[in-house]
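Listed below are the structures to be examined.
What follows is a pair of complexes built around subunit A, which joins subunit B in one and subunit C in the other.
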Partner chain A sequence: MRKLALILVCISLLTTGCWDYQEVDRLATVLALGIDRIPGSKNVLLTVQIGKPEGKGSSKQIGGQGGEKSYIIMNSEGKSLSEAILSIGKQSTRRVVLSHCKTAVLGRDLAEMGIGEILDDLKRARESRRTNWILTTDKTAKEIIEKDISLEQLPGRGLDHILQNFKKAGRVVPMNFNDFFARLNGESHVSFTPLAQLEDIDKQVTNQLEKVVGRSLDTEEKPKTLTIGKTAVFKNLRMVGVLNEDDTRAHKWLVDSPKGSSITLAYAPQAQTNGDKGDIMFEIEDGQTTITPHISEEGITMNIECTTKVLIHELGATGVNVLDPKVVAQLELQTAEAMKLQLEHTINTAQKELKSDCVGFAENLHNYYPLEWKQIKDNWDDVFPTVDYQIFCKVKILSSGTISNPTLRSEPE
Partner chain B sequence: MRLFRSRKRKKAPKPELSQPLAAETDAKQENPPLNNSLAENLNTLQTMFANCTDFTYRELKIGLELVPVLLLYVNGITDEQTVNQNILKSLVNIRCSNLEISRSNNLEMIKNEFLEIGNITEISTIGEVTDAILTGSVVLLLEGTARALQIGTKGFVGRPISESVTEGVVRGPREGFTESLRTNTALLRRKIKTPNLKLEKFVLGRVTKTEVNIAYIEGISNTKVVDEVKKRISLIDVDSVLESAYIEEMIEDEAFTLFPQIDHSERPDKVAAGILQGQVAIFTDGTPFVLIVPTMMIQFLQSSEDYYDRSIYATSVRLVRFFFLNLALLLPALYIAITTFHRELLPTPLLISITAAREGAPFPTVIEVLMMEVTFEALREAGIRLPKPVGQAVSIVGGLVIGDAAVQASMVSPITVIIVALTGISSFGIPSYSFALAIRVLRFGMILLASTLGLYGILLGLLVMQAHLVSLRSFGVPFFAPLAPFNLRDAKDLVMRFPWWAMGERPRLIAKNNNNNTQRQKFFLKPAPPDENEQ
Partner chain C sequence: MPEKGIINTKQFVWMLFIIITTLAAMQIPSMLIMQAGRDAWLSVVSAWFLDVMLALVYAYMGIRFPGENFVQYSITILGKYLGRMVGILFPLFFLLVCSLMLQGLSQVVNTIFLPMTPFNVILVSSFLVSAFIGRKGLEVIARMTEVLGPLFFFSIVTVCCLVLPAVHMERLKPQLDEGIAPFLIGTPLMLTSFGVCIIMAMYIPLCNRPENGFLAKFSAVSMGALVVGLVTALSVGIFGIEDAQYMNSPGLQLAKMINFSNYLERVEMVWLLILVGSGIVASSSLLWAFGQGLAQIVGLKTYQPLIYPGALLSLVFCIGSFPSSLNQTNFFHYTFPIVAAFVETGLELFLFATALVLNKRGAA
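After this line comes the complex of A and B, so read on.
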């Protein structure tokens, strides 16, 4: 009996274990993957960025600086995402592993055609994590994946870093698979992701400078830069539109929190105070947005309360005595008004343009009025654009950020 | 563990040693008393010590009547100067005295009036005579007396007291034990000056007749432990004891384990500290290593210097030691498990640089690590055993081969070299050599487990090891105490080393004796500036 027990214990402990033994030099580590689809075609076009191990002896160089790049790009095609991943095996001598892939980029065409199958594949893939980032792009995912990010040896990690930074301070709400799915499966079936774009920032700057200088600037042609500043909105697994940068910022105040964001106030001096026009930038130190729905006979009203604590980050206007409590109180009111306008604009965009509830009204209704929600639920798409809302913004300036009044008045011309 | 216990019990106890050992057949003969006749006695002893060149005897005629006297000793283990100055000279000086053969108290007279030696006992059998001669005494036989005098003249030229080699300290006493038992007990006695420090004598080894002393402080040590030590030692019946390890292996609680359950030291201060907290020390003649029982595992990770450095520093050093203990045991195994099974645990850049380092490596990671580990063990062995000049050459060549050539030749990846080197360094962080040996062996087991079962295997190995550790006992004290069973009061000398003014109690599990008083010193000894009112 004891012998049997011993044997059973040994079998149960030793015949199990980790099974996926694989030497690291037999693996191709995917850092980021991009998924595209051509309208009209059924096939998925996959672009993967694979970290390239530099062999011994080769000097490490920062990617794109004349040396070899420290990653390679592989492409494949397949009827589904998993088939496309498998068919990379046709060209790769090493097993493709996704466990280090932190970011998935969806091409615009794919996003507009519907992402149901792709999401299912990503959800099932054992190596892909629920905490991975999801990004959408306004053109093709391939371009984003192939794009070098300056200062980063591995652009895939660069994307990860950008989105990580958004978590602490930023204007865009970064989205991981988990949150994305949760929102898609939520009451409104509306979700969103940050939108990655390739912008020719260099050229924009050069053009503007050229206009002023009146001659062509002697600068090198630079490649486009990857920027993430807008938000793509998904409704029922399809991308329905894009929030521009200002709306994206206010959107973050609504669905996440204003903390870490910033507001710019276009300051215009009132008659009795003399000073110049200018922009005042506030850094939002802390803040909170609560949305409280009210259902009355007139209809649904959303009370949006946004309280923020801000610091003066930059004082563009002159003649503003930020050490004067009265002035500060005035500024607080003006800033609150500016915030309110911005929030209104964003909610309007969602209601009128996108017609999708990316601001979280449905969740709040469901939480506060579960019984009523059941009735509205089915025609929420029609109800949402008509929902009334009231915005109450409260701004508290914590500190002037200075110990003396810094702004000198500019001499009248 | 019950599974295994039943198997162990089935073994029938071996029958008593029926035949005497070959070497002791002569000695075992019945112990005849001494003869009246000097010539007869000499004859007997000469046949016994036939072919023993170091056996020396000297015949003298002393007194007015020229009474024949015989001095017997073994050359080399007696103090030649004492023999000449204090014995021969005094005997020769008995000219004027009227020593007569017929008188029966001649021996007493010599003993009481002439010999200028402190340690003299009377003996009366051949066996006692041989024992006395062999332990370095001079034996004096007198014509017409069936008794003899054993004159203590032990004088062996031993190693002087020198600095302990295996347990060096920066701060603390430098002296170390020597091979001579008496010197060692003297070193202890110099530290603990109380008649309660008991030194009990045992003679072990039928052939070697090695003297073994157990030392403990009456009233501090646990009498049960002392009795158990005495019992276990008295059961030892072997032909030889050449090192304390002989005793250690015969008195430990669990024979089949990698872990040493008895600590040993060659530092008198460490032994004294052990005795003062209630442990029992076992001194063995012929070796500087003194056993200390009962031992808890944590002692293998403590160094005597912990108690001489500032307590905060000692605590942090201990933390480093625990960390390195884990590294020494697990680092190669973790490396294998993580790189071959659980790549997800690595940061991406590290994964890519490990991949780059392994690019073109011909062997699997396990083989690589095993190769390097075995090479390292060989180098270490060479460093210890080989004569010093050669050892240095070996370590230079080995260092070059391991560190550079193997990587240059693409035999192993540089990361493996780093891992093995780090493991090697970590294993030197364990103060106890014998405990580090156990870790060394277990490391290989962990490597195999990691290479077949991944992290799961490592956890399995740790689990079994932990279960085994807590099941061990050393003279009735749980080996893993005071961690398991946990004892908060003993924990003041566990990971933390409390300052001396806070160490009010001896470890309860060791020093708990009949009166249950484990107080070591006055409580509340924390130094503070004097009260202002008193000034």
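After this line comes the complex of A and C, so read on.
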């Protein structure tokens, strides 16, 4: 009896996984996926970027410029995301594995028409991870997924690296599935994702240079570049608008932290201080923003306090003596004022243009005034644009980098 | 007594802790969040307090009836027939908990880790291993838990620490948003899960120092409450109540959230280790308690012949009653708390009151 039991236990322990083994070289590993909405009954278009292990290693393949690419693109259609994923299997000789997919891109049409149907699959699927990144594009997700990224053999990994870098320092708040879902489930039902765009940066730069030099430049035409600098705002599962780059930066200060971001000040010296007009760029070393709501008879007021510690990154204004405490104090005041103006602009955009609380007022109000919130929450969409706010910015200059004052002086007029 | 083995207090603590850990690793946190929302962690604290109070009753009964477990003192208090009728409810309850644990465990393993393996293969394997261990006796289980218990405790605390960067404190606010009702409703729900530790009454007579029964339960439930409380609070702080309440295993999802700059991620295998290890050991402990209790009811000299039939009965109950995970979840959410409250609290308090009224005491 004991021996029989032992044999049974051994068999049950050792053979449970035998018949579903999968060799790595028989798998098609998806690195990034894009979801678009298309007309017709099968209205979900899925584009996946699959890594090609055998294509790896050749320097010619970097960025896909010449030679065989290190990845392939596959498309499939379906009535739902799950069906589209299953349909990929029709074209692939290998089992499609999504567990290593790090980024999902939503096409503009899909985002504007509503993403409710696909969210459930992203939450429910076994292979889906809540730490994966989510992006939206102002074009189609297919274009983004198919786009090569310079210096990267696998563009899917490139997208991951860009967003990882944003986590450490950047102007955009990178968004993973978990935070995207949690914000959509939040009090305001508003969430956001970084916006991926294809820009003809080379052409823009060339045109500007041509204007300067007054002749056409002899340069090669280059493909469009993938950039991420704006923010797509979602309300009730639909994309309602886009924050421009400046608003995106201030949005990060509001909902995340100013740390890692930067601010450029158009410096204007006052009578008692020296220096010429010019731009000064500060790198934000540390900082935090707190939003404290206040309810009175006049209505709701949000007190926004933004405290930052900055480093002088570039002194574009010549003759500025940063060793003079008066100059430093003036720089700090002017920077705080610039930050305040930018924050005001962003909040105004959210209130008046997008009419979506992407700045987190609702959550703060709920946290501070839970009883009052219950009366307000049903009408929050109407109340939010009327919410008053006061911004207090405080900037402390910590360092001027490796030198103090600019060494070059402007020519006397 | 059918069981001849003796355990020490340390082993006693880890055995109870492992049972709580299994529940924490499965559905309890999400059930609790569904009932108590952001205040779920408060329900854990209040349930911990109430469970410690209940442990006083069990410890007192263990001392009042030395060398007897609740199956035996049911017979001492209520007589030969009624005592057996009441006493048999305890082993049957342990068999039910064993079914639920192994069904839940197999479901998570099947859904997340071995999706192409038939569910029944995982379930039957789990039962076979549990029964094999259970039949070896309490000492074997106790020695296993002495090794696995600290390992699980350390692993869970480490997982919780690693996931801290993903926590958003504002998702835990405001507390008591809906008043105290949600957390008060969550308290008995949590209590019924902690209450599975009534199995302590089966261990007390076999402990080398029975007077340490309360201390053991207090230590185990305190560590267990810390684990469940951490998993619950972190689940709310990371996923928000809307998502966390519908997760089949929030602890597993927490482990999946660990990501340190792409070099430390996919550590959910640690959670699988905890889930499978603690689930199997806890189930073997429950099967042992079933065999031991039933052997005492029917007057057998040994409990061992009852373990495999018990496991088979439990397996049939699993397959027959819960054809899908939805049935098990539904039962666990809505029916089990009532059954558990009746057995864990109702029956024991009834026996306690009857013993006081009838002035019954143990023989030793």
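One rule holds in what follows: the second predicted complex is superposed on the first by the 371 of 413 C-alpha atoms of A that agree within 3 Å, B and C clash if a C-alpha of one lies under 4 Å from a C-alpha of the other, contacts with A are read in each partner's own complex, and residues count from 1 in each chain.
Methods note: a contact is a pair of C-beta atoms (placed from the backbone, for glycine too) under 8 Å apart; a residue touches a chain by one contact, two chains touch by 3 or more.
Nothing here was measured: the structure is a model prediction, and the numbers come from that model.
Participant: On the A-aligned overlay, A:Gly51 touches which partner chain: subunit B = first, subunit C = second, or both, or neither?
Facilitator: A:Gly51: touches subunit B, not subunit C.
Participant: Look at A:Thr29 in the shared chain and tell me whether it touches subunit B only, subunit C only, both, or neither; answer first, second, both or neither.
Facilitator: first
Participant: Look at A:Val97 in the shared chain and tell me whether it touches subunit B only, subunit C only, both, or neither; answer first, second, both or neither.
Facilitator: first
Participant: In the superposed arrangement, which partner chain does A:Arg126 touch: subunit B (first), subunit C (second), both, or neither?
Facilitator: Once the two structures are laid over each other on A, A:Arg126 reaches subunit C alone.
Participant: Scan A:Asp247 for contacts with subunit B and subunit C and give back first, second, both or neither.
Facilitator: In the superposition, A:Asp247 touches no partner, neither subunit B nor subunit C.
Participant: Considering only touches as defined above, state whether A:Glu152 meets subunit B (first), subunit C (second), both or neither.
Facilitator: neither
Participant: Determine, under the contact definition given at the top, whether A:Ala5 touches first (subunit B), second (subunit C), both, or neither.
Facilitator: both
Participant: Should A:Glu187 be classified as contacting the first partner (subunit B), the second (subunit C), both, or neither?
Facilitator: neither
Participant: In the overlay, answer first, second, both or neither for which of subunit B and subunit C A:Leu13 touches.
Facilitator: In the superposed model, A:Leu13 contacts both subunit B and subunit C.
Participant: Share the list of subunit A residues that count as touching for subunit B in one structure and for subunit C in the other.
Facilitator: 5-6, 13, 16-17, 20
Participant: Considering the complex alone, what residue numbers of subunit A touch subunit B?
Facilitator: Per the stated touch rule, the residues are 2, 5-6, 13-14, 16-18, 20-25, 27, 29, 31, 51-56, 70, 97, 99-100, 102, 127, 153-154, 156-157.
Participant: In the complex of these two chains, what residues of subunit A are touching subunit C?
Facilitator: That would be residues 5-6, 8-9, 12-13, 16-17, 19-20, 123, 126, 129-131, 160, 164, 178-179, 181-182, 185-186, 363-364, 366-368, 370 of subunit A.
Participant: Looking at the complex, which residues from subunit B come into contact with subunit A?
Facilitator: Going by the criterion above, the answer is residues 2-3, 6, 337, 339-344, 348-349, 351-361, 364-365, 410, 414, 452-457, 460.
Participant: Once bound in the complex, which stretches of subunit C touch subunit A?
Facilitator: It is residues 111-112, 114-117, 121-122, 124-125, 128-129, 132, 135, 166, 168, 170-171, 173-174, 177, 238-240, 242-243, 253, 256-257, 259, 261-262, 265 of subunit C that touch subunit A.
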